[in-house]
Amino acid sequence: MGPKQQISRIMRPDDANIVGNVHGGTILKMIEEAGCIIGTRHCNTQPGDRCAAQLARVERTDFLYPMFIGEVAHVSAEITYTSNHSVEVQVQVMSENILTGSMKMTNRATLWYVPFSLKDVGKVTEVPPIKYANPEQEEEGKKRYEAQKMERLETKERNGEQLMPVSAPEPYTVGFSQSSLIHLVGPSDCTLHGFVRGGVTMKLMDEVAGIVAARHCKTNIVTASVDAINFHRKIMKGCVVTVSGRATFTSNKSMEIEVFVDADPLIEAEKEKYRAVTAFFTYISLDKENKPLPIPALKLEGEEDQKHFEEGKARYLQNKAKRLADKQRQQ
Amino acid sequence: MGPKQQISRIMRPDDANIVGNVHGGTILKMIEEAGCIIGTRHCNTQPGDRCAAQLARVERTDFLYPMFIGEVAHVSAEITYTSNHSVEVQVQVMSENILTGSMKMTNRATLWYVPFSLKDVGKVTEVPPIKYANPEQEEEGKKRYEAQKMERLETKERNGEQLMPVSAPEPYTVGFSQSSLIHLVGPSDCTLHGFVRGGVTMKLMDEVAGIVAARHCKTNIVTASVDAINFHRKIMKGCVVTVSGRATFTSNKSMEIEVFVDADPLIEAEKEKYRAVTAFFTYISLDKENKPLPIPALKLEGEEDQKHFEEGKARYLQNKAKRLADKQRQQ
Amino acid sequence: MGPKQQISRIMRPDDANIVGNVHGGTILKMIEEAGCIIGTRHCNTQPGDRCAAQLARVERTDFLYPMFIGEVAHVSAEITYTSNHSVEVQVQVMSENILTGSMKMTNRATLWYVPFSLKDVGKVTEVPPIKYANPEQEEEGKKRYEAQKMERLETKERNGEQLMPVSAPEPYTVGFSQSSLIHLVGPSDCTLHGFVRGGVTMKLMDEVAGIVAARHCKTNIVTASVDAINFHRKIMKGCVVTVSGRATFTSNKSMEIEVFVDADPLIEAEKEKYRAVTAFFTYISLDKENKPLPIPALKLEGEEDQKHFEEGKARYLQNKAKRLADKQRQQ
C-alpha cells in the first residue's frame, strides 16, 4: 500500500527496568520515531512549503509480549490513509532474539499526523494522496479517519474541565515556584556496586533548583553557588528518587533554594522512604549580555516561610563576609 | 601534592539551557566523576579488600563564570588530604573557548569520599596515606577534616526532623500510589522545529504510569496497553512538563492508570500553564517466570474515586468485549 | 611533538553489551571527541576566520583488548602532522582498572581533520603548521598524508556502485545476518555548526556491525578492528541516516562486516539521498573467559557474495601480513 519505513535498535539496560523488561515507553518512543520519519517524508514529496509531521493522535495499542534487554526491536511503519490534512501511519513492532533467532510480534499501533509548515508557524499544509490497492482500502481508511476525528473532538471538549484540583498560589510566594521531580534510578545512574553516583544526584538537585528559580524569576537563570552537601544515606538501583525544591531567601541579586532528595525503595515493601540528601543552591538571573538582573522579592506567607527566610539571610551574610575576608587575605 | 586526574569534554546542547548556559548540574556531575575516579583508584593502591569510593560530602562551591555550549570543560582533581577512612579531593574546573583560545576558571570544589568494601557490604576500608609537601599542608588538611566532620554530624541530627509535611496515605488507596514528575524539555526531546516529539511525551507518560503501578503492586510491572492518546496542544522547547498519574481501576489481573501532561512555558510570563495530553495506561504484574500475578484491589475513598473506578470498569469491559469479538472474527 | 589533549571517563552499563564488554563504538566516539577538540583548537590558533575541524578520515584501527564496565578509558590525542588544509591526530586509548590498578593499551588510531570556516559555509581554512622534533618526523608525516590522500580519492570513485540486494535468509548466508538501522539526527548528535559529529556516525556503524555479527555467531561478539573510514560527505541536522551492514568474509576466528551510511535530507525534497561513509569492521566471538571462539563459515550465494568474500580475504591476509611485519620490526 503506502510508503514504508523500518527502524531497528538493540534494547539497552537503560531501556528496561531492573528485571530486564523493556519499558513500554521505550517502544512507544520508537513507534513515534518511525511514524514521524515516514510522515514527514511523505508530506514533503510535493512542491510547496517544507513541513514537519506533528503527532496528533495514537490509537489504542496492546503490548502482546514483554521485550528484553539484548533483543532487537524492529519497528515497521506504513502510511495507510491520507486525508487533505492528515496522515494515518500503521506500525508493527517485532522483537528478535538475535541469539536464538526467535521473532515475536509485540505490538501494533496506529498514529495520526498533521503536517505543519516550517515557514508559517501554525499553518497546516496539504498532504499528497497515496495510492490504494483497491477502493475498499480507501473506504475503510476513510471510516477510521472519521471515527478518530469524532473522538478527538469529544476529548477536546471533555478536557476543557480541569481534571486535577490545581490550587493557584500567588506569584512570588514560596508555593508558586515550589517544584519536585521524580526519577526512576536506571543502570547508568549507578556505580558498579548498584549505588546512585553522587554526581547524578547533584545534577537532579540542580535541575529542580533551576526550575524553582526560573518559575520565580521567569528569566535566564544560572547556578551561582551550592552550599555544602552531605550524602547521609546511599540510594540503591531501582529506587524512585523524589527531588523537591523551594525558595527560601532572596537578596537583590540572588535567590536561595533548598533542595531535598527522598529515596523510595519501590519494590521492597518492607523498606521505608527516607531522606537521603539536602542542600542549598543559590541562583542569579542574567540578561542577554549575561549581566545580573534584580531578583523579585520572595512573598512570605506564615511563620515557617519567615523562619526559612531569616536562616537563608544569615547564610547569605555569612558567605558574603567570608568572600570579603578571602579577597582581603589574597591581596 | 597527592595523585591527580583530569577529565575534559565538549559542552553539548543537552548540557545547557535554551540560551546556551551550561547547567551547574552538568558541571557538578563532571566534578564528581573526576573525584570518584581518583578516590577509588587511590583507595585500591594497597593490598586488601577492593573498594569503591562513595561520595560523603561536597563543600560549598561557587560558580564564578557561566560556561557555554561548544566550550571545553577541563576538570582537574587532586587528592589533598586523607584520614584513616576518608579522602579529600580538590577539584578545579576551567572552561576553554577553543575558537578564541580564552581560558577561565569557572569553579573550585572540595569533595569527601569514604571507601566501601566491594565484598562486605557496608564495611568501610582503610585509606592509604598520601605524602605532603610539608607538615603545614597536613596540618591544614586535618583542620578541614575536623571541621567537615563536625558539620556532617550537625546536619545529620538536624535531619532527624522530617522537613516537608508528609501526609501518609493508606496503602492501596489512590493517594498512596499517585505520582508526578517534572521534566525540563531539552534540545534532544525536540524536533528541528522546537516542538517536543510525541514519542518523548509518551515515554514520560509510561514512566509515571509505571511508578504508580510499582508503588501499588510492589512487583515487576509491565505495560499491557495504552488507550487512544490525543495530542491537543503542542509543547515547546524550554517548557517544564509535569506528568501526573493516578490509579483509576483494578481488575484481578490488571490496573488502569490515568496520566496527565501539563506544560508550563517557564520563561514566557504571559503564557499560562495548560493541559497538553491525557491517556489511560493498563499495567499487569509479572512473577519471575513472566506470568501474571493478581493485582491488589484499589481502596476507594470518596465519590470521586468511585466515579473514576466505574468509568475505568466500563472501559475495561468494553475492551474485553472488543478483544473477544476480534478473536472470533479471526477464527 | 604537537599539541596534546587527554579525555577520561568511567565506562557505564550503556556503553557495553549485556556481558559487560564495552562497545567498540563507544571508544570510537571518545577518540573522535578528543580529536575534534585538539584539531579545532589548533586550527584556531592564528588570526583569520574561526573554524571547526571536520572529520575526514580514520585510519585502520585495532582493538587489542576488550574493555569492561567500571574501567576508566583514558584517551590521549596528539597532533602529529599538518598539511595546508588538513590535520593528522594520533590517539591512544588506555583502559585502567581502578580496583586492581592494571593498565592496558586497548587501541591506537589516526584521524584526519579538515577545518571548515564558521562564516563561509563550505570554505576550507588554512591550518597553522606544527613544529617537528626533527626533519624525519615531518618527512614521515608527509608520506602518511600522501598515502591517505590517494586512498580517499580511490574510495570516492569506488563508492558509485549501489549495493544491497535483499533475499530470503538461510542461516549463515549473507542475507541472514544483514541488518540496517535508521537514526533521525537530533540536536545532540551535531556540532555547533549543525553537522553530525564523526564519532556519532562511527558509533552507529559499530552498532549495526555488532548486530550482524551477533546474528551470524549467536555469541558474545566484540569489535576487533575497523578499517580505514572515509567521510566523503557531511551529514546535516534533520537528516535521516540509514546504516546498513552485511557480512563479507569469515576466517576461523574473525568475521568482516561492510557498513554503509546513507543520508536522506528528509525535508529538502530536491536533495537526493547520498552515501556518506563506508567501512569494514572486523568482529571476533568470545566465550565466558573472553577467549576467542571459532566463527561459523559464511555461506556464499552467487557471484556477488563470492566477489566480496575474495576481496575480504585479500584485506584479511594483507592485515595479517602487516601485523606480522609490525611485530618483527618491534623486536
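For clarity, chains are labelled A, B and C in written order, and residue numbers in each chain start from 1.
Here, a contact is a pair of C-beta atoms (placed from the backbone, for glycine too) under 8 Å apart; a residue touches a chain by one contact, two chains touch by 3 or more.
Since the structure is predicted, the reported quantities are computational estimates derived from the model, not experimental observations.
Superposition angle, chain A onto chain B, using Cα atoms only: 180 degrees, a multiple of 5 between 0 and 180.
Residue numbering shows that chain B and chain C use the same positions for more than half of their mutual interface.
Each chain gets one centre point, the mean of its Cα atoms, and the points for chain B and chain C are 33 Å apart. Note on chain placement: the centre of chain A and the centre of chain B lie 11 Å apart, centres being C-alpha means.
In chain C, the residues that touch at least two other chains are 267.
On the side of chain A, the complex with chain B involves touching residues 17, 19, 21, 23-26, 28-33, 36, 52, 54-63, 66, 111, 116, 118, 148, 151-152, 155-156, 159, 162-164, 179-184, 191-193, 195, 197-200, 202-208, 210-211, 214-215, 218-220, 222-232, 234, 240, 244, 260, 264, 266-269, 275, 278, 281, 286, 290, 319.
If you check the complex, the residues on chain A that touch chain C are 5-10, 12-14, 33-34, 36-37, 40-41, 44-47, 50-52, 69-70, 72, 98-101, 118, 187-188, 190-192. Of all residues in chain C, only 12-14, 17-18, 69-70, 171, 179-184, 207, 210-211, 214-215, 218-219, 240, 264, 266-269 touch chain A in the complex they form.
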